[in-house]
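Pasting the structures here.
Across the two complexes that follow, chain A remains constant while its partner is chain B and subsequently chain C.
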Partner chain A sequence: MRTTKSARAAQYVALLAYLAFLAFPFLWLISTAFKPAKELGSLDPTWIPENPTLQNFRQAFDEQPLLQAGLNSLIVALSAALVAVVIATPMAYVMARHRNRLSKAATGWVVVSQAFPFVLIIIPLFLILKNLHLINALPGLIMVYVVWSLPFALWMLVGYVRAVPTELEEAAAVDGASKLRTFVSVVAPLLAPGIVATAMFAFITAWNEFFFALVLLKTPEKQTLPVILNRFIGTEGVADLGPLAAAAFLATIPSLVIFAIIQKRITGGMFAGAVKS
Partner chain B sequence: MRTSKCLAAAAASLALLLSGCTGDAPDKDGKVTLQFQSLAWQAESVEVNKELVKEWNAAHPDVQVKYIQGSWDSVHDQLLTSFEGGEAPDIIHDASDDLADFAYGGYLADLSELIPARLKSDIPQNSWDTTTFDQGIYGVPFLQEPRVIMANAKWLKESGVRIPTPDKPWTWGEFRRITKELSGDGKYGVAWPLKEPVSATLNLSLSAGGQLFHREPDGKVDIRFEEGDGVVPGTIHDQVNTDHSASSTTLGMGGSDTLPGFFGGKYAMVPLGFSYRQQIVQQAPDGFEWQVLPAPAGADGLTQGVSPQTLSISQDTEHKKEAMEFIDFLLQPDNMVRLAKGDWMLPTGTEALKAPALHAEKDGWATGTALASHLTSAPAQSVRGYPEWKDKVATPALQEYYSGAIDAAELEKRIVKDGNLVLKRYQR
Partner chain C sequence: MTLATATKSKRSAKNAPSRRPADHGAWFLVLPALIPILVLSVGPLLYGIALAFTDSQSGRTEPTQWIGLLNFQDLLHDTLFWDSFRIGLLWAVGVTVPQFFLALGLALLLNQNLRFRWLARALAIIPWAMPEVVVGIMWRLVYHPDAGVLNETLSSLGLGEGRDWLTGTATALFAVIVVGIWAGMPQTTVALLAGLQNTPRELHEAAAMDGAGAWRRFRTVTWPAIKPIALAISALNFIWNFNSFALVYVLTQGGPGGRTRLPMLFAYEQAFRYGQFGYAAAMGCVMVAVISVILAFYLVGRLKGGDE
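Right, the complex of A and B next:
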């Protein structure tokens, strides 16, 4: 069944429309970041600023410690992603390969834990971290993000592990490899796309998270970007739009760069043809 | 074995990587250090707050204040968590409508015995009422803003309508008639930004004598919809749905969202908080003439409910006296003027209100200052269960009423009947 030319054209149009829909907020953010205050209040806004300015960026850097906050966010998000992946990968392997009552219960718990709202867990969490002297400390926030992203990370990785043919592990066993060796040398490399996708998820979750960071970090030198960005917003949601857009634009760059670097890794079909079925 | 060594090494490396990020060590030199969480957000306001902290610290080496930047967004949840965790700041900046739960919950110190006589007499009783719960005072109200009408001065002048002043304001009926007169050809006399319709409606309703919340002798609160309660909602409803003198599209907007239409000559007037002047000054196109008008008056004149910004002291702090001394310093008349100007709001202090800078005609300061004596506590804010009533009952009911989806009888039924059911649960 071949796709006709008109159907292919319609597909591309739909794809372009979807792309424009996805890109719209980001393009608008860039446009806003370079507009002077008077253009922001215009009844007929333009895509291209009529009098582009860097004033919003200057103001954003003058008013808030954006670089320090960016560094904090990077430390927190990278650490949370790393730890989440290190913990979730072997757990996912066990849950996927050893299907017994315990793994079923664990899977059920993972699903249930997704339903807990922030406000329900924040006070007990705060008390635990206080006892560990981890309030106003980045390691405390990293722990929270790891715990917060772990269930979904686990859920994602279990799916990837199940997609790895067991015949490969059996072949390794026939060659005399231990369970650990099989996992490290055979399974883990095949899980690379899943691990990268999971790491991305954990990174972006931690990079964007606001409420835990607001509650757990007090001093400006420890605070992360979402908390600092929020300072451009005042009572009744009134925002200092220009500097907010400039700072938000800068805040999206690291995640875009990281995504661009590792997106090649998120490719399927790595084990296509590995075994004959 | 080798693997476990590797894991231990990785954990140690991570700990080392993060070792520079741990919390503050406690003071060991006997010096008192107070944490002051400020919610100031506009650049000028943050600067003034930091300057004042610096001045205090220079003059009081034994009582140092550490400035902590808070955020208006999620402040209630953030404070609640800090209180529960015993890590709340010593001095807390908030708004009076957010204090009731903290005051009743025992998280805030009763300041009745701590407030110096100068400060107590400087701030009018109307303002103290906004932070008084069960006879105790749980915050010092220091900045407030009336709702005013930002008007396109040229448009109003050319139309020949009478320009209202604080001495001779419009009545609600006159306001409705004038907005109708100004409308037509796709233009509107007024744009009501009512994304959050409850506080605007209740606060303005006080001018018409609308109380809605009535405290009974047994201390319980009953919601009753009386004649005065219908004036403001009725005016807005009729402007949108009968006269078409108010844009229906702005009903779901926040204040800032209406400004482009205001600058573009689509709306002659926009009722907004007094501090929105800062945005108008920043964003208005060159040559745009605007002015600040008082909100319309009703049976009770220009009376308006407000929720002032407040400074409170945590119940847990061991240094309540020092914390109050800092608040007293922060709210000296000159300092209060600096804070008010930084936030484009009005100070509550009577001495500060005398400052010439706050009586300038430029940017509408004089009009706002003339309204200060009419500002009073909104009766709703001390009512337990008000936030739930607001979110679950009043907000959807008012939004539907203003858009014309329900009539006045249905609005009254939902506000009163459903509202009292909510309050009942809090008053058992």
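Right, the complex of A and C next:
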């Protein structure tokens, strides 16, 4: 398609404006993280720190239990991601291959679960977990995250299952293999890349989550990174902005790295269902 | 590899008993996910709705009692709740609409054959990957009255004195809406881009041959192709935004003076600061009901008369 030169130039200017808008807060976060306290207090802040320092990172670890929080986040996110794909993959398979009432109900639940405000879910969950003595305990939060990441995991996985040709399964069925058998030895191996991508997405979802963790975890030694970061905020003076930025920057790195790895698959898988139809 | 797997399963299938048992396999495949969904999602949801008709409170020793519609009657007269509801709608519309147009613009650009498109795509994803708490912290740093980059830029451009964006009653809601737009751009852009890439190229070229201008091509070719996705993503965005919590909680905690107290923040305070479980659940029910009605109108209206 032909585009005139001036239109092309306008497009580049627009693209540049978008990039600036999307990138500048993150650049400012990084800049703040490496600034010494003196520069943070200055009335004339600069984009590039004049005397970059790692002091903020050291101070962040001294002031808040970041290591413990990071470990908690890691345990919770890893477990939730693993359990989520292990239980979601078989269900997604059934949903993709069998258009019965159960699959329809499950699809309906995936949609409806998006519309309900968390407050309607969290109060009962809080009461249930309290009865099970799972408040302020990581297993309780893991259970919540598993269920919370299921709608999206199912949605992605159903797309991946649909991409697997049915001929192989039919061959297996002709040979008398049961559903379970067909799934385990024929379908699941073919889905491996999609399963990994889904697990990674579930990991990020759990790693980033704040609301459930805020309600369900009470003491600092149990809390996950987002909750600890939020505790940081209440106490902030100008001098503490540096450590706050440093900690926030560190907490983002795992998500960013994983997201970079799976970016293509996510965007592909997510809209596979929507686009095909 | 596929072949190997297929043959292996054939062989093992032969060892299995040759008669064909009733295939309950599907249930084994579904149950591991179905039970958690029922116990931790569907069950709590129904329980939550039921709680709205009780006087359930945190840490109370007397048994919880049914009180019928009392919570809802109280809600009707709770002006703080309706204030927060109004703010929630302002926020949800204020974020969803500009975000849609901005994302559409970006998606159209990314769909062009521009250089640095890969970089733009990579950068455009950043807000999506970040924890919401970090997004909040980041923008607090941007808006910070002394050490923030916004006031610094404004004053060096000679655009007047800096202000305290997040604590000023006039600016707070606007300031958090900008953050909301920023944070949700990637999902919307990616969704629209997926729709654009599904647009038939030949149609576009044919329209261009016939001398249709860019706007006409967009109206007649592009828009009809992406309309279903556009509808779906803006409806979802509206719901997500109306129910959002973390971003504004980190940015302002609902302040100043309740100016940014979204319904979710209000309900959270009622439930976990004041322990009014039943009352907070009633708020949740009202939120669902109103959202459903608005969405029903929006979707029906769009699907019917969208072609003008």
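Just so we're on the same page, the second predicted complex is superposed on the first by the 204 of 277 C-alpha atoms of A that agree within 3 Å, B and C clash if a C-alpha of one lies under 4 Å from a C-alpha of the other, contacts with A are read in each partner's own complex, and residues count from 1 in each chain.
Keep in mind that, in the parts below, a residue touches a chain if its C-beta (ideal position, glycine included) is under 8 Å from a C-beta of that chain, and two chains touch if they have at least 3 such contacts.
Being a predicted model, the structure only gives us computed values, none of them experimental.
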| item | value |
| --- | --- |
| First (chain B), second (chain C), both or neither touched by A:L71 | neither |
| First (chain B), second (chain C), both or neither touched by A:A37 | first |
| Partner chain(s) touched by A:M156 [first = chain B, second = chain C, both, neither] | neither |
| Partner chain in contact with A:H133 - chain B first, chain C second, else both or neither | first |
| Contact breadth on chain A, by residue count: chain C or chain B | C |
| First (chain B), second (chain C), both or neither touched by A:D240 | first |
| Touched partner set for A:K218, first chain B, second chain C, both or neither | first |
| Common ground on chain A, meaning residues reached by chain C in one complex and by chain B in the other | 40-45, 86, 119, 122-123, 127, 180, 210-211, 215, 230, 232-233, 238, 241 |
| Complex contact set, residues of chain B against chain A | 3, 10, 14-15, 17-18, 21-24, 35, 41-43, 46, 68-69, 71-74, 77-78, 80-82, 84-87, 89, 95, 195-196, 254-256, 259-261, 263-266, 273, 275-276, 279, 282-286 |
| Complex contact set, residues of chain A against chain B | 37-38, 40-45, 59, 62-63, 75, 79, 83, 86, 119, 122-123, 126-127, 130, 133-139, 142, 180, 210-211, 214-215, 218-220, 222-223, 227, 230-241 |
| Complex contacts: residues of chain A adjacent to chain C | 1, 3, 11-12, 14-15, 18-19, 21-26, 28-29, 32, 40-45, 47, 86-88, 90-91, 93-94, 98, 102, 106, 109, 113-125, 127-128, 143-144, 146-147, 150, 154, 168, 171-172, 175-183, 185-186, 189-190, 204, 207-211, 215, 225-226, 229-230, 232-233, 238, 241, 244-245, 248-249, 251-252, 255-256, 258-260, 263, 267, 270-271, 274-275 |
| Chain A-touching residues of chain C, taken from the complex the two chains share | 1-2, 5-6, 8-10, 12-14, 16, 18, 20-21, 23, 25-26, 28-30, 32-34, 36-37, 40-45, 47-49, 51, 56, 102, 105-106, 109, 112, 114, 116, 119-120, 122-135, 137-142, 144, 146-149, 152, 182, 185, 190-191, 193-195, 198, 204-205, 208, 228-229, 232, 236, 239-240, 242-243, 245-246, 249-250, 263-264, 267-268, 271-272, 277, 280-281, 283-285, 287-288, 291-292, 295 |
